[in-house]
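Got some structures for you, see below.
In what comes next, chain A is part of two complexes: it sits with chain B in the first one and with chain C in the second one.
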Partner chain A sequence: MTGNEIYRDVTKEEFPQECSRLFNGGNGRLRTMFAADLRETGEGFCIYAVFSRAQEDRFEILRLKNIEGKDGAYSFPSITPAVPAAHWYERQIADMFGLVPSGHPDLHPLVLHGLYPPEVYPLRRDISPEAIGRQLALEKEDLSPFMEVKGEGIYEIPVGPVHAGIIEPGHFRFSAVGETIYYLDARLFYTHKGVEKLFERTGFRAGVRLAERVSGVSSFAHSAAYCMALERMSGTLLPARAAAIRTLLLEMERLYNHVGDIGNMCAGTGFAVGYAQGASLKERLMALNERLTGSRYLRGVNAPGGVLADPLDEPAGTLREIEDITKEYKSFISFLTDSVSHVERLENAGVLSRPVALSLGATGVAARASGLNDDIRTTHPHLYYNQLVFETHTRMKGDVFARMMLRADEVECSIAIIRSILHKAKGKRIEGSILSEWEAPANKSGQALGYVEGPRGSVFYFVKSAADGTPLRVKPRAASFCNWPLMPFAVHGNIVPDFPLINKSFNLSYSGSDA
Partner chain B sequence: MLGRIFYNIIGKKRVLPREQIVAAAPEALLAGEKENGKEKRIFSGEFTRSVRIRQVDAGSCNACEWECTALTNPVYDIQRFGVDFVASPRHADILLVTGPVSVAMAGALKKTWLATPDPKIVIACGDCAKDGGVYKGSYAVTGGVDKVVPVDAFIPGCPPKPAEIAANIMQIVKVFSKIK
Partner chain C sequence: MGMSNLQFLIIILLSPLLQGIIKKMKAYAQGRVGPGVLQPYWDLARLFRKDMVISETASWIFHATPFIVFLSTLAASLMVPVITPDAPVLAIGDIIALLYTLALGRFFLVLAGLDAGTAFGGEGSSREATVAILVEPMMMLAIFTSAVAGGSTKLSVISKSMHILDSPAHVLAFAAFFVALIADTGRVPVDNPDTHLELTMIHEGMVLEYSGRYLALLEWAHYMKQMLLFTIAIDLFFPFGIKGDALRSALFYIIKLLVLAAAMAATESSRAKLRFFQLPSLLGGAFVLSLLSLITFVMLGR
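Presenting the complex of A and B:
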C-alpha cells in the first residue's frame, strides 16, 4: 500500500461483482486496467483494475491472480458487460498476454492486426523480443474484417492509414447514407511500437526517455506520471521546488496544446486567419518552452527524484512573456467567438452525450465538455496543486463548440496557475533543491501508480519492480486510449465533411493510445 | 502581431546561429554512396524553385509531425521558399518520412512510395526514422525507413526543430539539383 493506493486480491467470482460495484456505485471511474505476467514470483498471470471516485482521493486496485489455464489457454471473467469502459482494456489484454476475457461482447484483435503468429503474446515475460516472429504488413495484408453496415443506399468510405494532411496514421471506415455518417469503424494501433516491452529492457532510470516518447505532445505529462510512479514505489520524497516546476511545466504543456487545438479547429472549418493566429501563438509558447528548459517539447527535464532544469530561476522575464502572450491570446479568442460563420459550424457538431462519456470512461477535455467533472488535479491532488487555489471547468453540451470553449476556460486557468507559481518563485517562497536521490527498491513488493492530468486527460502509469530492482512491469495509460472509443458515437449522424472538425475537437494522440 | 513574433523568435535578439540551424553538413545528410563518384543529381535546376512534399508518419511519437506542421505556420512559412506539403503522393517530389516504421505501417509506407512518381527523394526525418532511435530492438518496429524503402537523406534530431527541418530540406534539395 502506498498512500492512497489500496490493493486487494479478489477471487474469480468476486471480480466482476466488485468491479461493477466500484464503477456503478456513484461517480466511479475505471482509471486503468492491465495484466501482468508474475509467473516468476509464483502469482501467475494477474489482472489489475484500478478504480477511483471523484469525491475521495483513494484508488481501489483489484487484483485477480493466478488466472487459470487449460492447455495453455487462459481465461478470466470479462467485466465489460458491467463496466463498458473496460472494453478496450480487455481486448488489449487478450492481444498482448493471451488471456481471454470470457463473456466479452465484442472480442476481436485490437493491437496486433493479425500480423503476428497466433500463439505469440508479446508481453509474456518468457518471450524475448527477438523471438517474436512477425510479418510486416508488406508481406501480409491486414485481413481482419471491418464492421459492415448493410442497407439500401449505404456505402463505405475508406480513409487512411496515410491521411491527406500531416497527421498520424489510422484507418477510418465510414458507412454513410448520402453525406451522413451512419457508422464509423476506426482501426488504430498502426503506430504500435511495443513500448511496454521496451520499458522492461531499458531499466527504470533510462525509461524516462521512453516515457517522453510515448506521445510527443504529451511528453511532459507522460514523463511526470512515470517519475511519480517511480518515486512513490521507492518512497522518495519530491522536493517542493521540483513539484512546483513539474506543475508549472504541466500547465505550460496544457497551454500550448489547448491554444494549438483551438487554432487547429479553424483548419476544420477552413478559417485560415484563425488557424494562422493560433499557430503563431502556439509557436510563441513552444519558443518559451525552449527558453525555459532547452526543449520545445519539455523533454529531458524529468528524472526520478526531481527535475534536471530549473525554469524558476528567472521568473520576472517569464512573467513578462506570459503577460504578453495572454494579451495576444485574449484578442485571439474574442476574434474567434465573434466570427459567426466559424462558431455556427462548431455548434451542435459532434455531440458526445454524458451517459456515453460516463460509461465508456471518457477523460480530460472530452469528459468535461460533456458535463463530467473529472479533473484529477483536484480529485487526486498531486505535485504542487494542493498549494494552489483554482477551479476546474465543465461544459454541458458536449459538442465541438463546448470542447473549444472548455479549452478556452482551461487556458485561462493554466495562465493563472503559471502566474501564481512564478509570483511565488519571484517572492522566494519556493526554494530548495530540485533533485533528490532515487534508487529502485530491490524487493519484489515494489509497485506504485503515478498519475497527472495531461492536456488530453488523465495519464496513468503503473510500475512494478522485480526482486533485483529491474522493471517487471511498466504500464502507461495515455488519455487518448480512453477517448478513442468515443469517436464513433460523437460522429454518428454528422456529415462526412465535418469529421475532420470533430476529430480535431478531440485532438487525440494516435501514438499515445497505440504505444 | 506577426512583427512581434518575428522579433521574439527569429528576430535580432534570438537569431539562430547558422550552425545551429543546419544541423549537419550536406554530405552528412546523405545516405548511401555517390553515383559514379559524383554526387547524385535528380532534379533539374528549375525544379528547385518548387518542390512538393508528402509527409508520411510511419509510427512516430508525433513530435516530429507537429514540427513538420509548424513549418507551415506564419513564423517559418516554408511556402515562401517554394516548398509545400501535398495531400497525395502522386503530386509529390519528396517523401518526408518520420517514425521507426512500425510493423503495421510498413505496407502503407511502401505503397505510398510506389505511388510517388520518379524522380523522387526520400528523406528520413528524426532519429528514430534513421535507425529506430529509442524504439530500437522492439518487436513492433522495423528499425528505420531504409528497411522498407531506399532512403536518400537523413535529418537528425529528436525531434529536429522546425528551422532545422526547413534548412535541411533546402540543403538536401540543393545537393540533389543541378543548381549550384
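Presenting the complex of A and C:
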C-alpha cells in the first residue's frame, strides 16, 4: 500500500525549482535523497528526492531519470543552494555513484576517504566490492584537507579517529582561540560498511538481519522501517497484533536509549553518581527487552509480514516491571533536575538555533529541542500509532538542557504508550496472528518507502525490486545522517571542554550515518 | 629519635592505599562494588613492568619530569610531621619551602605536557597553569592564618601549638584550604580524575603521553601529593593527638585521614564538575575566604 507516496518524474530544469517549492513552501522537509543505478531497466542513473510536509500524510517523491553524461562524467543540477538539507546527500551521491551535483557550494568527498581508488563508484551496479578491495591503496595517507581557519591565536586540536573509551571512530578537527571553539570540521564514515551494496546481494528477506546492524542501538527502528518498506512494496497487510508489537518495541527502544542518554550526559559533566544511576536503569530496561524478545537490542524480532516473537503474551508481568522501572526513573530524573551543579552545566551550552535546524533538515530530539515539531509518529501515522492517544513534545531553547528535558518528556510519553498497549493486550483487545505471508512482487518491479520515528529521529528506507523479485536498490537513511552536519553550528562559540557534553546531548550514531 | 625521622615512609608507602580507599568510597556512592582498595598498588606494579612509548618530539624535559616530580614530592614529605612533630629532619624546611618544592614538580609537569607536542598535553598544561595561579596564593593565605596563630611557618611548631578548628579564623581558613585541596588533587568540581574525555582533562591531560614506569612514577607522586596535602590539613587544623605516644598518634592520624577522605569522596560524588570558565569564581571565592580568615584572626586575636 503506497497510497501516501506520489512519484513524479521531472526534467532537469524543473528539478531544482520543484525541490525548492516543496522545501521552502511552508513546513517542507527533505526526508531522504538518493541515487539509483537503473541502467538495466533503461532508466539510466536516477536521483530521488523525498519531501513531505508536517501537516499532511503525503510524500512527494521527485525523480530525475536518465541523467546525462559526457565521456562517463555524469552531472545533475544541485538543489543544495535552494535546499541546504540536501548538501550531504548530494556529496554522498557524488562519492557513491559518480554523479556530480553541479552548483553544489561545498563539494568534496564525504564518504570515501583518500584510500579509495579514484573514479571507482561503489554503488554502481557493475562494480563489485571485491574489485574495490583489491584496488584500495592502504599504504597511501589520507590527505584530503580539513577546513582551515586562519588568524592570530587560532590553533587546531585534532581528536580521533580513535577515541578513548568504547565509542565509534570519527575525526574532529577543532579550530580554537584559547578555549573557545571557532570551527569544528568532522570527518566521519570510518565505519562505512557498504550496507547498501550488501542489501542488493543478500536478497530482501535476509536483509532484515542487515538492517538490524546498521546502527546498534537503533536496531529495531531500522528493521521495522525496512520491513515496513517491504510490506508496502508488496501490498502485504500487517496484522494488528504485529503492528502493536512493533509499536511497543519501538517505544521500548526509545525508552532505553533516552534513559541511557540522559545518564550519559552526566559523564559529560563529571557527575559520576547520575551516570551510574542512568546506566543501571538502562540495564534494567535492556534486561526487560531480553525477557520480552530474547534480545537485549531487540534483534531477530522483525520479519517481512510481521514479527517472530510475541512480547504481548504475558502483559501483566511486564506491566508490573514497567511500573517498577517508572518509579525508579522518576526519582532518577528529579535527582538530576535538583542537582544545580549539573543543570548549570547544561543550560546555554551547545545551542542549536531553529533556523539552522530547519534549513539543514534536523530530525528527532535535535529538531524537537530546537522548536521544530517534527515527529513522524503523528505526521505520518503508521503501525499502531493511530490507535493510541499520545502527545508529542517540543522545547524551544535548543541547548543541552532542552535536549535532556525533551528526552525526559518523551520517556514519559513512551511509558504511557507502552502502558496503554499492555493494558489493551491484557483486556484481550489485540488478538490475532503476528505474521502474515510475504512475497516480493512477482513479474513486476515494485518500490516503496518505510519509515518510523526511532530514538534519534526519523529512519527512512527506500526499497526497489527488479522484475524477478530481487533487490535493485535499498537505501537506508539513519537519523544521525541528518543530524551530524548540525554539530559545527551547535558547538560554535562554546569552550573546548564542553564539547563532549554537547556531543553526548545529541548522541549521534557513527555507524548509522556511515552505513 | 632515629625512627621518627622515617615517618615520611608512611606517606610513600600508604598513599596508594589512601587513593584506593577514596576510590572505594566513591564506588559505594555510585552503587558500584568498585575495585579493591589495593588496586593502586597493582596498577603501579603493572606500569613499572610495562614498556614505554615516547613521542618523537620529546626532549630531556619529558624524560626528567617523572623523576623531578617524584623526588620533589618525596622531599616535600620529609618536611611534614605525620605522627610526631618531634623529628629532627623537620628542621630542614618550613611550609613555604614545602609548597614551593611541590610547585617545582608542577612546573616541570606543565613543561612536560607541552613537550610531547600533542594538543591534549598543551591544553592540560595551559589549564593547570591557570588553576595553579588561582590556587597558590589562596593556599598560602589559608596557611598563614595557622602560621600566625602558631607563631611559626614550621609545620612542626604549628601542629605542636594545637590550634585546632576552634576559632572563626580557623574555620574560614580550613574552608579555603579544602577548596585548594580539591584543586591540587585534581578532583571534582575542578578536575575529573576518572574521565576518559581528553578534551576536558587537566591533570590527566598533562600525563596523557606518559606510559610504563614514567607514568608509574607520576601516578605514585600524585598519590603522595594527595596524602601529603591531607596530612598538612591535619597538621594545620586538627593536630590533636599528635604529641606523645606514637601508637596513639598514629591511630588518631588514620581516623583523621579517613574522615578527610570521606569528605573528599562525598564532595566528588555529590556534584558535577564546574564549567572551566567558572573555576575562577570558586577559587576566587576561596581566596576571599582565606583573606577574611586572616583579617578575622588579626581583629579577634584568635
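Points worth noting:
In this text, the second predicted complex is superposed on the first by the 506 of 515 C-alpha atoms of A that agree within 3 Å, B and C clash if a C-alpha of one lies under 4 Å from a C-alpha of the other, contacts with A are read in each partner's own complex, and residues count from 1 in each chain.
Just so it is clear, a contact is a pair of C-beta atoms (placed from the backbone, for glycine too) under 8 Å apart; a residue touches a chain by one contact, two chains touch by 3 or more.
The shown structure was predicted, so the numbers you read here are calculated from the model rather than taken from an experiment.
Contacts of A:Gly165 after superposition on the shared chain: both chain B and chain C are touched. Touch criterion met: A:Gln277 reaches chain B and chain C at once.
Touch criterion met: A:Thr269 reaches chain C, while chain B stays clear of it. In the superposed model, A:Thr363 makes contact with neither chain B nor chain C. Measured by the number of chain A residues touched, the leading partner among chain B and chain C is B. In the superposed model, A:Tyr510 lies in contact with chain B only, and not with chain C. Contact with chain C, but none with chain B, is seen for A:His342 once the two complexes are overlaid on the shared chain. In the superposed model, A:Ile495 makes contact with chain C only, not with chain B. 164-165, 276-277, 280 are the residues of chain A that lie in the contact sets of both chain B and chain C, per the superposition on chain A. Put simply, chain B touches chain A in their complex at residues 1-2, 4-5, 8-9, 14, 55-70, 72-75, 85, 87-89, 99-100, 102-108, 110, 112, 128, 133-135, 137-142, 148, 158-159, 161. Across the interface of their complex, chain B is touched by residues 113, 115, 122, 129-130, 132, 134-138, 141-142, 161-162, 164-169, 189-195, 197-198, 201, 209-210, 213-217, 219, 276-277, 279-280, 282-284, 286-287, 296-297, 324, 328, 509-512 of chain A. Those residues of chain A whose C-beta lies close enough to touch chain C in the complex are 155-159, 163-165, 179, 266-277, 280, 339, 341-342, 344-345, 349, 495-500. Of all residues in chain C, only 26, 29-32, 119-120, 123, 188-189, 192, 194-200, 268-277 touch chain A in the complex they form.
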